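Two complexes are shown next, each including chain A; its partner changes from chain B in the first to chain C in the second.
Up next, the complex of A and B:
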């Protein structure tokens, strides 16, 4: 598995670490080594501020040569996960929801509302589609609730009403924001995201884009209400998604 | 009255350079890109008062690195596109009661040093400068 590093990516270390913790053979791939990407079975686009979010979050990265390989891999049904800035890149590249042409986005994760400010908040995301709808979530239980950290200024799903309808009717909505007990309401949504969206998949279900960071709640020391201080290095809830990813590649 | 203020960088504009590089990679025939923050204010204040108000707003204007131009036309220049987030309206200028609308102005120039043709500008908008899901571009 390749964890891509664009100029400005900043979450590759913890992403590689949790992928390895769940048994994946993961390594980071620097933007100067993009030509090596075809040899990998799966790809993770981690969080950060690739190209300083110039023009729009993910806009320049979506046209980076590395994305040529990722787009080709996605078309060959390889698995692709984008987290936070990685998710923004996948939407700008048109891979998710993928209802338009490649690199012709039909949706975006854009400026939070109503505050417009960057948020850093512990959240929970709930699987709202059939787990089998997306290969990466196939091993998750139905309606799985996963803890994560929302850390973004531009995490609000936005699209035209027609495209939002398309996302709903086509089953592209993978995760919504929820409370820890799994209840879903507007109070659980930290950023005004349309459809309460925290994650989207594509038509084939081999690409997943999620805004919050499960890799930042992957060990107990990341979790805000850790009960057992002696087990601070034990896996936390965010690791669940990566275990499911590993099963999809097994 | 509608007043149009363009704020540009006096120092090298890395964002414009990134846009130029990406556009070239996408095959758009462009040699230079200029970027400006375009603010439009509707209200009874004079243009000079609006400009002075913007200059006092430290979140919009830093005299060490910005230049401010009060434009005569409320429309983009030749070879220029204004891209704005849909329904992005903010009240920003202290002392100015009117709301302001923000655009990012992208002006593209070709090999001859002249603004690019409308077809080239349209290509740049569609390929990179505007995400139609959340933005609108006017030329």
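Up next, the complex of A and C:
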């Protein structure tokens, strides 16, 4: 598996760490090494501020030559996961929801509302599609609730009403924001995201884009409330998504 | 320029001739307070700087404390502390952002990965929506967020206070931590036998920004000079810095593999001249710099701007010739710096020389040629010119406000800082154990798989900062300080500075804590002669041997006994503080403590309320008659797991005067409210929380 590093990526360390921890053979692939990308089975696009979030987060990165390989890999049914900035890039590249042409996005993660500012907040995301709808989530239980950290300035899903309808009716909505007990309401949404969306998949279910960072709540010590101090170094809820990813590749 | 007539005469005398223009600007920067600490050097010598866990004391760009061992490797935590007060007052977004950028380079150039940030802010009265101070208070926070978030370093600690005394002069102090294997530290000096080695400049193309910054920070802010002062502020580029950091990590890896010892230093005040002169002087060498080799974004820059301008995002290596090509390739090709920002690159600009002279060439001519030790040597300046003070010394920064608990918690200086720090990424890198604002200190577990952790707190005194680290279960290991004061040529302000240093020195010696890094920011006053309130800002680094022992302030159980550990009354009795610290840490280690909080100047009731807020108001607190809400408490409020065990422990380890039972945690009856109860009064927690949590939201919405 390749963890892609664009100029401005900043979450490669925790992403590589959790992938390896769940048994995935993850390697960092740097923008000057893009030609090596075809030999990997799966791809993770981590968080950061690639290309300085110019124009809109992910907009420039979607045109980085590395994305040619990722687009090609997605067409070949390889698995692709984008987290935070990685998710923004996947939307801008038109891979999710993938209802338009390549690099012609039909939806975007845009400036948070109402504050318009970066927000760092512990959240939960809930699987709202059938787990089998997306290969990466197939091993998760139905309606799985996963802890994560939201840490973004542009995480609000925005699209035309027609495209939002398409996302809903086509089953592209993979995760919504929720409370820790799984209840879903607007108070759980940190950024004004349309459809309370925290994650989207594509038609074939081999690409997943999620805004919050489960890899930053991957060990018990990453929880804001330290409940079980004995197991503080053990993997936590955020790791379950990566375990499911590993099962999909096994 | 900040040079004084007597200093100009000294320069001419030392050189045996009048200085050239470039030399004049070079001495102006190098002999500024910012670079030379000329007013404060003698005072700072009082501070304790040694101890068994000091790996590197003050003197280089950052200090290093021993952290722990993992897989046979000894790890150190790198600590640097800077102020960026004047730039932030003039151009707040850029000033604060470049403050973060500068401190990150100080840590990076020790060969370390940058692992955490903290910031301490002081703003003026922000009531008036049109005021400049309100603009400053908002823009500074946005600038810190924009820079720190983009480079991917978690912000884990800090504070903010508001006082009219900062109307003309805000404070922006930043602390950065790094992680380094103790065997792999890189020093900010030309290594032994490095004569003839390459001097390699890395980073952004030099432009005209940040010209005169060192002397700017060593002058008071004049109203009518606002426009000229703006050009002294640098332009931040966190995107480029992100890439330079990662490229530098790759260079560290390369040098280790090849077993090459190199010198590395960041460009701060004094630009290329200040950095290369200090690098080479520290190795007892001289240097020859060819300014024509410097990568620039603007042609025909004057030589003095090239020499001392403070263009951001630049660092400098001293490398043996055989390694230079590889290092240039890493920066310029593998990490493609020229494609990341126009004109950015790594490039050879000169060489180390045996002769201890500092020489700069431009267009084939020598524009500077001075004895290097004369340029970089300390100039001491016991202030002689003292004016009477026009400023009145301020009272404590967070005075107990009248009107009781609700007013204290709802005051701008007592309320939740969440509306501010939620803009900062506290969890990037995935190592955060306690994010900013969730406890008295932030905690990270920086080494994957290792159980040890680092705690970082800030405070206005050594005792306060140390107590906050202990409250999360950290063993205080060392200190860093930034001394923010007025014009040292003013008798009263100099006396304030001297008094503060004496207190820090005494307190740190009593607690057996070394200062390993620090910074002095003087001249914090406006042209009207108004100086800021004296503001020593202290950071304390704590070590947790096992982060599973970490303690949060959130109350854990109903009907838990609560205790106060510490002393009461006017001043803290620090003589016995180490005994209390040791006892509390042992109690934490033994699992006797469920939650803890250091009691601040807002008092014991406010501390209890914040412990309840952290538990989402699930539990209240009922204090007993022992507690006198108006008394000053110096110590901790703790929730014990069990009364008998804790009291048995406390009676063996602590003087009877040093601990007392203060009450019990409570729960609401079904459907009822949870309260803080003391001395016949009670406050509804939800109401308190409402005032506490929303006060700053109007400023940072």
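Simple rule for what comes next: the second predicted complex is superposed on the first by the 249 of 250 C-alpha atoms of A that agree within 3 Å, B and C clash if a C-alpha of one lies under 4 Å from a C-alpha of the other, contacts with A are read in each partner's own complex, and residues count from 1 in each chain.
Methods note: a residue touches a chain if its C-beta (ideal position, glycine included) is under 8 Å from a C-beta of that chain, and two chains touch if they have at least 3 such contacts.
Please read these numbers as outputs of a predicted model, since none were measured by experiment.
A.B. asks: Using the overlay on chain A, decide if chain B and chain C clash or can fit next to each other.
C.D. replies: Fit - chain B and chain C, as placed by superposing on chain A, sit side by side.
A.B. asks: When the two structures are overlaid on chain A, which partner does A:59 contact: first (chain B), second (chain C), both, or neither?
C.D. replies: Touch partner of A:59: chain B, not chain C.
A.B. asks: Applying the document's definition of touch, where does A:159 land relative to chain B and chain C: first, second, both, or neither?
C.D. replies: Once the two structures are laid over each other on A, A:159 reaches chain B alone.
A.B. asks: Just checking: does A:218 make contact with chain B only, chain C only, both, or neither of them? Give me first, second, both or neither.
C.D. replies: It touches chain C, and chain B stays clear.
A.B. asks: What angle, in steps of 10 degrees, lies at chain A between chain B and chain C when each chain is taken as its C-alpha centre?
C.D. replies: Nearest-10 rounding gives 70 degrees.
A.B. asks: Who touches more of chain A, chain B or chain C?
C.D. replies: Greater contact footprint in residues on chain A: C.
A.B. asks: Under the stated touch criterion, which partner chain does A:110 make contact with: chain B (first), chain C (second), both, or neither?
C.D. replies: So A:110 only meets chain B here.
A.B. asks: Between chain B (first) and chain C (second), which does A:143 come into contact with in this model arrangement: first, second, both, or neither?
C.D. replies: In the superposition, A:143 touches no partner, neither chain B nor chain C.
A.B. asks: If you stack the two complexes on chain A, which partner ends up touching A:49: first (chain B), second (chain C), both, or neither?
C.D. replies: second
A.B. asks: Could you tell me if A:14 is touching chain B, chain C, both of them or neither one (first, second, both, neither)?
C.D. replies: The second partner, chain C, only.
A.B. asks: Mind working out whether A:92 is in touch with chain B, chain C, both or neither, as first, second, both or neither?
C.D. replies: In the superposition, A:92 touches chain B alone.
A.B. asks: With the two complexes overlaid on chain A, what is the closest approach of chain B to chain C, counting only CA atoms, in Å?
C.D. replies: The answer is 6 Å, the least C-alpha separation in the overlay.
A.B. asks: Taking the stated contact definition, name every residue in chain A that is touched by chain B in one complex and by chain C in the other, in rising order.
C.D. replies: On chain A, the residues that contact chain B in one structure and chain C in the other are 51-52.
A.B. asks: In the complex formed with chain A, which residues of chain B make contact?
C.D. replies: Those in contact with chain A are residues 14-15, 18-19, 22, 25-26, 85-86, 126-129, 131-135.
A.B. asks: Would you pull the chain A residues touching chain B in the complex into a rising list?
C.D. replies: Result: residues 51-52, 54-56, 59-60, 63, 65, 92, 103-108, 110-111, 158-160, 163 of chain A touch chain B.
A.B. asks: Quick check: in the complex, which residue numbers of chain C touch chain A?
C.D. replies: 142, 145, 149-152, 238-239, 242-243, 246, 333-336, 339-340, 421-433, 435, 438, 445, 448, 451, 547-550, 552, 554, 701
A.B. asks: Enumerate the contact residues on chain A facing chain C in the complex.
C.D. replies: So the residues of chain A in touch with chain C come to 5, 7-11, 13-14, 17-18, 30-32, 47-49, 51-52, 115, 117-121, 149, 151, 153, 213, 215-216, 218-219, 221-222, 224-226, 229-230, 232-233.
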